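Following this line, the structures themselves.
Next come two complexes built around chain A: one with chain B, the other with chain C.
Up next, the complex of A and B:
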């Protein structure tokens, strides 16, 4: 008996469908959280717009280019928000010993843990991101070719890998330290800076945001490939590889923590 | 009969940081490499045959959980050999997990928001249970419990009893060789406890599944286990038949008496101790209660009662079978 990719995909879809069904049965809860999500995005967008009514460009980036980055970052954080939402509960599960109950299934522990929760709200954000991106794309008069769309998809996936990696690694700190909430919260807040070109920050932060908290890879580096095709830095081109590496590393950290964990007794 | 689980000289040690007191101490701890070794399981050997129900007892912190974690492959023992279903669990956790089931009394492993039947279907996929086996199992379940009302209820809406029942059913669904039950009846009412015990007994009989039962409830042990293993401070204290234990401790009773407060003097206690210590009676006091652990082979409860009454006036009394904790304490202090 082997459990390959198709096995995990099938299980994931089944859990997802069941989970959505049960969430819909709590209609008020579902609608309110959806509305809340939309409002959050609208507010975020409005403040973005207000800021830009005072500047015509930021460090050589026009309003529409910034809008592109904004939309791209929304899309990039969606997979993390939808699929890794259970990472937020990890700390409590570890703290009160509940985590042990996930350890007895003959499937990948990380998969099993994360598959338990799917945050459907993230999908609304995804739609918002797509709309923003399409609008900016149009305004900028970027060409719509097969190649440019493929590039966008690949780099959006890359960007989401970075976001997921950061969140995994941050959540996994709870296996070692007590007050890990702040680490996770900090990482989550850092995503706010993802929608700005990394060149606006001073060199220290630029370095930090590229190599330690790689939020520059969430919108800036991948967007350059589409927005400034004539001067794409090396880091952009190799970002898919770095993204996969980061994600794999975060997964290893998570699993190492889980293995180190052995419950609080009972 | 073949062995389901074999442990040979299993020892598990943990390294724990020596913590120091006070602010200065905690700063020292930050940089300290001062570890001490704690032995959670100390040279435990055990053989459990296929189809046995073994009661695995011991006070909190005795090393029960650690042993269970070793048997389920989550922990690797520091030394010793272990075989579960003919394989070393920690070497291949995944394949070991296919053949075991685990239930925690307070921690449901089912999908919280899904109706039970959907959880079952997911488990069917996860454990790759064949359609026929799956359907047979559901039919079998329907024949021993009232399954229908449970199946379509989200786990979230279930009572604790229903949830425990569902968890147990789920843990046997993939026809595991061994099932570990960790305090399955904790927090349940008497009727539900008895339902759960009947269920476990029925599945064990039908499927010949080995069951390792961890519990503090002697009722569970009495109803299900023919054999018990007692562990304390990581060491094996007792491994024998239930019958044997009953023979040894069955004649013990705990007699608790409430004495008029004016008579509860040290002199009174001393006089009782002098009088009854030749019969091996141990005496403890709490508020106005005097508890005497009596071995009825040596002296009758009635004789003790009248003996006490000569010197003091009894306001209230309780007579209890010896508790698990007391048995364990006795085994520990007196040996067997």
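Up next, the complex of A and C:
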């Protein structure tokens, strides 16, 4: 990025306002989507309740601790939901040739493409996540200090980087393969399982979900810092660095695909 | 007879189209394996934490078989009908489909049969074989024949539900919102995420009067029966047939009424 953060921030706000204005002209769509989002979260919560009405703990994790992980994972996927929603249209844009229009702007291609759509209904999910987290925090009697809140914020941002990275990389596969929808859909569905402690898996899959499909970083590793402060593994502490690395890598993959793109010629 | 040939031509075209995307099939099978692994480990540790091996009449093994097969059925039936209809309304392409010399509902149904058959072969069958090899709990006999009948009825019911939800797109173009609501309700009340046996009484009652049970629970219970008599499977098939006819009539009626509403872009 040659042109500084403030320049991009100003542009982002400008595009965001335009997008929200155009969304507001389809008010019914906005309301129905919002209801759909809330219903998704309510059903997710009901499933969680049903599970724990039959089983009191999972692998040494109590109901409230699991609730904490659940809330944390909802917060961690919000930035991806809100800011990278245009990744879902990427394959359509690439196939029908519309993607070429993004290539001619004098600003960062990835930034411009993703800034075009802001998915406001993700904020409903964010609220749900915060409420769940606060409730679990309270029930567990965790200390509320300035330091613990700072830690939560930093690690929530870290966790969101992993989710965004996975989604970017998955969306970018459309530059190379047909029907990449399944790749994107699979990655998106994996997030459902981010809310369970990675210790339930055997070593092979624990490795896989830590280093190859890093869903363990979306809730488990970052939450340990708050939930079990006396035995935090090294991976939790260095997760911010790994998160930045993952995001950067996914960005490079995305850009490499975009550079390879040369239109459909129609 | 010539009508049937017309329909089967659509099935064939669908199968050939699917064959063109072999890489996507590999990705899907791979994704399916990851998904099954996650479910396996999750429920294994849930049951390991439980003081008793049998919870609500379900063992770890029976829970796993149920969930894995329910998910496999869900995956091969999800044809994104609602998205297709919604997008066609949005882009105006639906007008071209409406003037075809074939009813829109049948046209869409038969053009989905090809992909459905392919998905059945590439996702359900491998899953079934893995489950059978690992657990040896599925009896291989006459129940398989009844299962095929039951699954065909389930496809019909599922299509009617999807078509009805897709018809709503004629009124509102909020495809994402409409589809997600359908999807989460189906996933919960079909027992594909948590087996119905674990449901508290109130929710179980709700699930039993909804048609989703006939889509997932029906075929699965038949599949798990050991050499069933016709009288064992008849109540399930009857219920499925009831829903199939009922929802067929409802979806056709709803579509006919809604068609008067249609406004299409780009006219």
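By our rule, the second predicted complex is superposed on the first by the 264 of 266 C-alpha atoms of A that agree within 3 Å, B and C clash if a C-alpha of one lies under 4 Å from a C-alpha of the other, contacts with A are read in each partner's own complex, and residues count from 1 in each chain.
Here is the rule we use: a contact is a pair of C-beta atoms (placed from the backbone, for glycine too) under 8 Å apart; a residue touches a chain by one contact, two chains touch by 3 or more.
Owing to the predicted nature of the structure, the values given are computational and were not obtained by experimental measurement.
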Which partner does A:205 reach: the first (chain B), the second (chain C), both, or neither? second
Is A:40 contacted by the first partner chain B, the second partner chain C, both or neither? second
Determine, for the superposed model, which of the two partners chain B and chain C contacts more residues of chain A. C
With both complexes superposed on chain A, which partner does A:14 reach: first (chain B), second (chain C), both or neither? first
Touch check for A:233: first (chain B), second (chain C), both, or neither? neither
Quick check for you: in the superposed arrangement, does A:190 touch first (chain B), second (chain C), both or neither? second
Residue numbers of chain A touching chain B in their complex, please. 1, 10-11, 14-15, 18-19, 22-23, 97-98, 100-101, 103-107, 116, 262-263, 265-266
Going by the contact rule set out above, which residues of chain B touch chain A in the complex? 60-61, 65-66, 69, 72, 74-75, 94-95, 97-98, 100-102, 104, 107-109, 111, 113-114, 118, 121-122, 125-128, 154, 182-183
Chain A contact footprint on chain C (complex, rising order): 21, 23-24, 27-28, 31, 34-35, 37-38, 41-42, 44-46, 48-50, 55-56, 172-174, 176-181, 184-185, 187-188, 193-194, 198-200, 203
Contact footprint of chain C on chain A as seen in their complex: 26, 28-29, 32-37, 39-40, 43-44, 46-47, 50-51, 53-60, 177-179, 182-183, 186, 189-190, 193, 196, 200-202, 205, 213
